[in-house]
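Same chain, two partners: subunit A is paired with subunit B first, then with subunit C.
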Partner chain A sequence: MVTFILKRIGSGLVVLAAISCLTFFLLYFSSTNIARNILGEYATPEQVAAKQSELGLDQPILTRFATWVGNALTGDFGTSWFTNEPVVQSLLTRLPVTLALVVTSILIIAVLSTLIGVAAAVKRGWIDRVVQTAAVIGDAIPNFVLAIVFVTIFAIQLGFFPATSSIQPGADAGAWVASLTLPVIALVISGLTSAAQQVRSAVIKQLEKDYVRTLRSRGISEGVILFKHVLRSAAPAGLTVLSLQFIGMLGGVVIIEQIFALPGMGALAVQSTTLGDTPLVMGVVLYTVIIVIIVNLLVDLANGWLNPKVRVS
Partner chain B sequence: MKFGPRATSVAIVAATAVALVGCSSAAGGKSGGGSAVDTLSIGSLSNILSFDPAQAHLGHQMPLYQAAYDTLVLRKPDGSFAPMLATEWEYNDDQTVLTVDLRDDVTFTDGEKFDAEAAKANLDHFKSANGPDAAQLGSVSAVDVVDEDTIDITLAAADPALVYYLSQAPGLMGSPKALGTEEIKTVPVGSGPYVLDAKSSVNGSQFVYTANEDYWNKDLQKFAKVTIKVLTDITARTNAVVSGQVNATLLDAKNGKQAEGAGLKEVSYPVDWNGLFLFDRDGQNTPALGDVRVRQAINYAFDRETMLEQLSLGHGEVTAQIFGKTTDAYIPELDDAYAYDPEKAKSLLAEAGYADGFELTLPVLPGTEAIMAMVQQQLADVGITVKQEAVPQANYVTDLQAAKFSAAWFSVFQGEPWVAIKQAIGPQAAYNPFKTTTPELQAAIDAVQTGGDKSGELAKDVNEYVTEQAWFAPWYRIDQMFYIDDKITVEPQAQQAVPSIYNYAPAS
Partner chain C sequence: MSEPVEIKASTATLARTNVFKRILKNPLGIFAVAVLTIMVLVAIFAGWIAPFGENAANIGKTLSGADSVNLLGTDSAGRDTFSRLVYGAQTTLLSALLCAAVAIAIGLPAGLIAGYYSGPFDSAANWVVNVLMALPGIIVLLTIRAAFGPSVWISMIAFGILISPGYFRLTRTAVQSVRNELYVDAARVSGLSDARIITRHIFSVVRAPIIIQTAIVCGVAISIQSGLEFLGLGDPTVATWGVMLSEGFKNVYLAPTLLLWPALAIGLAVGSLVLLGNAVRDALEDREKVTVSKRNDPPTVALQMQRGPRKKKAANVEVGTEKHLVKVSHLAIGYPQANGTLKPVVNDVSFTVDRGEVLGIVGESGSGKSQTAFSILGLLPPEARIMSGSIQFDGEYTVEPGEDTVNQGRLSALRGKRISYIPQEPMSNLDPAYTIGSQLVAPMVTVLGISKAEAKKRALKLLSDVGIVDPARTFGAYPHEVSGGMAQRVLIAGAISCEPDLIIADEPTTALDVTVQAEVLDLIRDLQKRLGVGVILVTHNFGVVADLCDRVVVMQAGRLVEGGQVREILGAPQDPYTITLLDSMLENKKPMTMLVSQGGTTS
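Let's look at the complex of A and B:
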C-alpha cells in the first residue's frame, strides 16, 4: 500500500511539473498587452515599456520560466500583477469557499445518488423510469440556469437567502450556510441525476451476476446481498463518476460563483486567465492539480477498501 | 484575511445538514443590507490594482481610494473645486507654477503628520511609480517645499487640468512613511474619512471600512461603516441591490427595469459619449476618410434618436459633439449639428467622388455586436460597406492606439476640456493614433493651454472645429444608471462613472 501511494505521489509530481510547464508556455503565447492592460488606456508607450521591464515581460520565455520555477520551489509564488496581493494569500482566501461549495455538493450527491440509484435498480418500475427521465432533464438544464431561477425565487422574492454571498473572513456558520445553500442545491440537482443513473446501471449489472444468484441460493437476505456485496462491487463506477464530477465542478463552479458573487477560486481563475495574470494563473493551476491528484488517490484507496477485487497489494 | 480550516469544516457540515433536511437558513436575504443611518454598502463593478495611491485610477475605482485617502483638492458633485488638504492654490502669471497652501492639522492613520514634505513625497512618488494615471502629472517638472504648509508645483508647460488632477488619483495623499512599502499595496494608510478593516476585507470581493475616529472633516464622514462589494457581474449587482444587500450600484438600461420594479430610485447622469472615432482624417489607410465631406456624410447617416432608443432604451441624450454638458466647452447647438439626413449623406459622398460608396473596416469588441450591426445597417443605407473584424477585449485599445483601424466605436468619458483634448484631439492624444492635426486646430489648442481661467471657454473653438470637420461621429451621451434604495441619498458626480464616496448620505 505504501509503495502504491508513493508511486501515485511520484506520478502526480510528474503531472504537476508537466502541467506547470505547459500552462506557463500557453500563457506566454496567449497573453498579449499585459502591461497595457494593467496600466489602462491612458498610459504612455514609455510607461508600458517600463511596466514590461518591471514584470520581466521583456525577458526570454525560458528565463522567465526558470525564475518562476526557482521561486516556486522555495514556496514563493509571487504577487498578482493585477491586485498586488501575494498569490498564496489570494488562494488561501478563496480556496475554502470553493472547496466548501464543491465538497458539500459532492457529499450530498454521493448520498442521494446512491439511495436513488439503488432504489431504481432494485425496484425498477416507475422509480426507474423517473430516474432515467430525470437524468436526461438534469443533464439538459445547466446549473447556472437553476441558480438564476433560485436566486429570483428564494432570495429576491421570498428573501430566505442572501442573493449574493455574505461570506467574509470571520463570518459565522450561519453566513456560510445561507450563502452556500442555493449554489449547492443548484450544483446537486444538475449532478445528482447523472450520478444516480451511473449507480443504477452499476447495481443492475451486479444484480445480474452469478455470485448474486449463488448468494440468494444460500439463503442470504436481500439486504445483506445488496449492501454488503452488490454495492461494494458497484462502488467503483459510482466513485469514478463522483470523482469526475468533483474535478469538473472545480472548473465548472465559475458561473455559479459569479452569479452568487462567492469569493471563490472560479472567479479568480477566470479573471486571472483573461487578464494574463501569470503568477496568479500558475498558482490556481498548481493548487487545482494538487487537489485533483489527491482526489484521484483517495478514490483509488476507497475503491480498494470497498472492493477487495481492486485492492492493491 | 483568511478563512480558517475550522470555518471551512463548519461550513461543509452545516451546509450539508441544511440542504439534506431541506430547510432554509435563518440568515435571510435582507440581512446583508446596512441599517438606515450608519452603514453604507455599495456594489462596485471594478476592483483595484493596489492601495498604493500612485496606482489609483479615475472613475469606478475612486470611491475605494476616497474612503481611505483625502485628495489635495475636493471635487464637488457639480464638478467645481473646493479646498480639502489644500486650503488654496494660485498660479503665477504664465501658468507654470501652482503655489498650494496646505492644511496643518491633519495626521495620517499611522500618526505621521501631513505637511508640505508629505505632499511633495506623494506627488514625486506618483510621478515615479508608473501607475495607470501617471501621465496626468506628465507636465510637472518639479515639486518644491516652500514652507511647512506650502508647496510649489512647477510645470514644464501650462496644464489647465492640473487642479482637476489634484482632485483625482494624483491628489490622493498617503502617509510618506508607508509610500513605496509592500504593506500599502494591500492596506491603505491615508488620512481619509474611513479606515480599511483589512481583516474583514477580501481583495476582489469586498472592502470593509470603518469611520476614522480622528477624521478632521466630519462633514464628509457620514457613515460609521462602509462596505464596497466588488460585483463585476451585472446580474449579481442587480440581485444584490434588489434584495437589499447593497444600498447602491451601477446598472444598465435592461437590468435597471428590474431595479425600478423593485422600487429602487434611479439616479442618472451622462458621463460617456458613444459613437465612432474617425481616426484616419488624413486618409492614410482609408483615403475616403481624408475628405471632410465623407466624414460629415457618416455623421448624417446615423439616426441617433433611433440608435439611442434601441441600443440604450432611450437612456441618454443625442449629440454630435464630444464635449460634455458639464464643461465650459459645451455648445448646445452642436448637439443637433448632424440631424439624421441620409439623402444629404449620399449627396456629400457623391460630391466627394464616392457615389458608389467605399469599404470601411471596423473592429468589433466582444459585447458590442448589436451596436456594430446597427452601424453596419445605417452606413449601408448611404452606400458605405462596413467590414467587421472581431478583436479580443485585451487587444482592443492597443489596436486602436496602434492605428490598426481607420475608425472605431468607443464609449469615452467626457472630462474637462483639456482632459478631452489630451485624450482624443491633440497630436499626442491616446485616441489620435494617426496624429492628425492642422495649424488652425493647433492654434486653438495652444490658446486653451495658456488660457488660464478662460481655458474652458476657449475650448469652444476646438469643439466647433472638430465637430465641423467631423473628426468624430458621436451619437449620444449615455446615462450612467445608478440605483439606490430608500435608506440613503446620493448626488451624481460630474464627469465620474460613479458618485464619489462623499456624495452618499443617510436618507434621514
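Let's look at the complex of A and C:
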C-alpha cells in the first residue's frame, strides 16, 4: 500500500514538472512586450530596459526557468509583475472561494447522484426513464449558459440573490451562502444528471453479478446486499466520474466565477493570462495541477480501500 | 480472402442504413438532425441570408428592439443581431469541426498504433494521455491565448489536442478487443499487410463510436469556445455566438434579449449535438438488443424489491403430499416477449424430492433445468412469470396454484436457512470486496442470530469440514487469493453453514478442473450422507448423476422427458433423448459399466 501511494505521488510529481516546464516555455511567447505593457506607452526605452532586467527578461529562457524552479522549490512563486503582490498570497486569498464552490458542488452531486442512481437502478420503471432523459438534457445544456439564465432570472430580474458576490476577506457566513447558492445550483444541475446516470449503470452492472444471487440465496436481506455489497463495488465507477467532473469544474468555474462575479481563482486566471503575468499564471497553473493530483490520489486511495484487488497490484 | 471481406462490408452498409433509420425514428434524433441541418445550411448560405455584414454598425441605432429592418434588434454598437447570429453560426460550427478534426487526426492514428502494436509506443502515449487528462482545459486555453493571441482557430486547435485522448482511448480499446479476433488473425495469416488490416477490419469497428464521440466533442468545443469568448477573450472582430453572449451580458440590464439569442443558439447547437450522439448510441444499442433477444438469453436480473407484498397464509397443500421435502407440480415458467406474450422456458414439469434424497436434473443448456432450480430458490429474474403449476416446500406452498411469481415473503423465511444454494462458477459467486470469512460469518449472524465470535468459530470449523487445510488463512483471504477449487469448497461451506434441509447445486463442478471435480463431488456426497440433507443437483453430466444421485429427471427444451431411479434410467433409458445423452457420454467419458456399478453403491 505504501509503495502504491509513493508510486502515485512520484508520477504526480513528474506530471507537475512536465506541465510547469510546458507552461513556462509557452508563456515565453507572450512575454516579449511585457515590460512595455507594465510601464505604459510613455515609458522611455531606458526605463523599459531597466524593467526588463529587473524582471530577468534579458536573460536566456533556460536561465529564467532554472531561477523560477529554484525559487518554486522553496515555496516562493515570486510576485505579480503587474500588482507586485506575492503570487502565493493572491492565490491563497482566491483559492478558498473556488474550492468552496467546487467542493460543495461535488459533495452535493455525490450524495444526490448516488441516491438517484441507486433508485433508478433498483426501481427501474418511471424513475429510470426520468433519470435517463434528464441525463441527456443535462449533458445538452452547457453549465455557463445555465448560469447566465440563473443570474438573469433569479438575481437580476427577481432579486432573490445578489448578482454580484459579497465575498471579501472577513465576510460572514451569510455572505458566502448568498453568493455561492446560485453558482452551486448551476454546477450541481449540470453535473448531477450524468453522474447519476453513471451510478445507475454501475449499480445495474453489479446487480447482474452472480454473487448477488448467491448472497440472496444465503438469506441476506436486500438492503444489506444493496448498501454493503453492490454499492461498494459500484463506487469506483462513481468516484472516477466525480474526479473527472472535479477536474472539469476547476476549469469551468473560471467562467462561472465571472458570471457571478466571485473573487476566486478564475478571475485571477483570466486577468493574469490576459496581461501575460507569467509568475501569476505559473502559480495558477501549478496550484490547479496540484489540486488535480491530490484529487486523483485520493480517488486512487479510495479505490484501493474499496477493492482489495487494486490494493495488491 | 476477398469473399468474407465483401460480406462484412455489405452487412456494415446494411447496418449503417438501419442505424440511420432508427435515429430518425427517435423523436429527439429527428429534432437534433433537423436543428443541425438548418444550422449548417444557415452557415453555408450566411452571405445570402444575413441582411447586413457581420460588423456593419449603425451608430445611430444602438440597442434597439426588433423591427422590420433589424429582425432581432441591434447591439450596443448598432450591429444587426440577426446578421451576427447567422455569421456566428458559420464561425462557431467551423471552429467546432476544426477542433474535432484535430482531435481525430491525433487521437485516431495514435490509438490505432498503440492498440495494434502495443509496446513502448503504447506506454508513452498513455503517459501523455494521462498528463493531458489531468489538465483543466480552460486554464490551458487561457495560457495558450496569452501566448498566441485571441484567435478562435488557434484555441480550437489547442482544444483539439487537449481533447484527443478521448479518441485515443476509444480507438485503442476497440482495436485491442478485435486485434486477437479470429478474422483479424485470418487476415494476417493470409498475408494482408498491417495497414490493410487496420483500414479494412479495425477501422470498421471504431467507426460508430467515433461518430458518437465526434458529435459530443463538437458540442463541448462550441461550449468551451463560447465560454472563452464570453470571458471577453475572443477575437472581437469575428462574430461568434460567444462574443455575442459576452456583449449581451454586458448589457443585460438594458437589453436582455441580446443575451437570449446567442444563449439559445449555443444551447440548441450543443444540445442537438449531444442528442444526436445519444440517438446514434441508442440506435446501435437497439441493434445489439435485437441480436440478444434472438439468442434468447434470460433477461437481466434487477433487484427484487417485491419483498413479500402479501404475507397471507399460504393455502393448504394437497393432503398426503406434505411428506415430500419439495414437490413441484406442473410448473411452467415464461418470459415476456416484445409482442406482449409469454415465451415458456419451462413447461409442465413435476417432480418431488424427499428428505435425505439426491435428485439429479439433467439436460443440455437451455433445457430449463436451471430455471426450474431457481424457481424453487425464488431467485428467478424479476421478469420471469410462473405461467402455471405450484411449488411446495415441506408441506407449504412457496408458489400457490394460480400465483404468477414466487412469493418472496414466504421464501425469504426459507432461503439461506432451510434451502441453500451451491453455484456453478465459484469465483464470480464471491463478492471480491470482502474476505471469505466475513462472507461466511454474515449469513450465520443474520439467519441463526448467533454472535460474530460464535459464527467465526463455526466458520473455521466449516472450512476444515470441507477439506481446507489452513482454515484460518482462508478465513482471512480475499476471493482472488484462493484457487477455484478452494472457492467452490468455501461456497459449499456457506451452503451448509445454516444447516439447511435442501441444497440446490447448479452444475457445482462444471467450472472446475477435472481433478478438482472429483474431490468436490466426493465432498458433496460425504456431506449429504453425514447431514442427511436433500439435494437437487442440476447438471448436464450423467457421470455426476451416476456418482451422486438417487433419482434423476431428464429435461429437454423445457419439458420433462423421463424420470426414475438412477440405476433404471442408466440401465434402460426409454426416451430417445436420454439415449442420445447417454450415448454422447460413452464417446468421451469413462465406460458406462463402471458408472452403473458406482451408481449402484450410492443408491
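Remarks
To be clear about the criterion, the second predicted complex is superposed on the first by the 295 of 313 C-alpha atoms of A that agree within 3 Å, B and C clash if a C-alpha of one lies under 4 Å from a C-alpha of the other, contacts with A are read in each partner's own complex, and residues count from 1 in each chain.
We adopt the following convention: a contact is a pair of C-beta atoms (placed from the backbone, for glycine too) under 8 Å apart; a residue touches a chain by one contact, two chains touch by 3 or more.
From a predicted model like this one, the values you see are computed outputs, not experimental measurements.
The superposed arrangement places subunit B and subunit C in clashing positions on subunit A. When both complexes are overlaid on chain A, the residue A:A302 reaches neither subunit B nor subunit C. Shared-chain residue A:I148: touches subunit B and subunit C both. Looking at the shared chain after the overlay, A:Y42 reaches subunit B, while subunit C stays out of its contact range. With both structures placed on the common chain, the touch criterion links A:I290 to neither subunit B nor subunit C. In the superposition on chain A, A:I204 makes contact with subunit C only, while subunit B stays out of contact range. Contact with subunit C, but none with subunit B, is seen for A:T273 once the two complexes are overlaid on the shared chain.
Once the two complexes are laid over each other on the shared chain, residue contacts for A:V281 go to subunit C alone; subunit B is not touched. By the touch criterion stated above, A:S217 is placed in contact with subunit C alone, subunit B being left untouched. Shared-chain residue A:I259: touches subunit B and subunit C both. Working note: subunit B versus subunit C after chain A overlay, options 368-376, 404-412, 422-430 or 458-466, clashing stretch identified as 368-376.
Once both structures are placed on chain A, subunit A residues 148, 156, 258-259, 274, 276 are touched by subunit B and, in the other complex, by subunit C. Across the complex, subunit A is touched by residues 1-5, 7-8, 10-12, 14-16, 18-20, 24-32, 47-50, 52, 55, 57, 130-136, 138, 185-186, 199-206, 208, 229, 231-233, 235-236, 239-240, 242-243, 245, 262, 393-395, 397-398, 401, 423, 430 of subunit B. Interface residues of subunit A facing subunit C in the complex, by the touch rule stated above, are 11, 15, 18-19, 23, 26-30, 121-124, 136-137, 139-142, 144-145, 148-149, 152, 156, 204, 207-222, 224-226, 229-230, 232-233, 247-248, 250-252, 254-255, 258-259, 269-270, 273-274, 276, 281, 284-285, 288-289, 292-293, 296, 306-309, 312. Listing the residues of subunit A that touch subunit B in their complex gives 31-33, 36-44, 47, 50-51, 54, 82-85, 89-90, 92-94, 96-97, 99-100, 103-104, 107-108, 111, 148, 151, 154-156, 158-171, 173-178, 180-181, 184-185, 188, 258-261, 263, 267-268, 271, 274-276.
For subunit C in complex with subunit A, the residues that touch the partner chain are 28, 130-131, 133-140, 142-148, 219, 223, 226-227, 230-233, 245, 249, 252-253, 256, 259, 263, 266-267, 270-272, 274-275, 278, 300-305, 307, 377, 379, 412, 415-417, 419-421, 423, 425, 428-434, 442-443, 446-447, 478, 480, 491, 494, 498.
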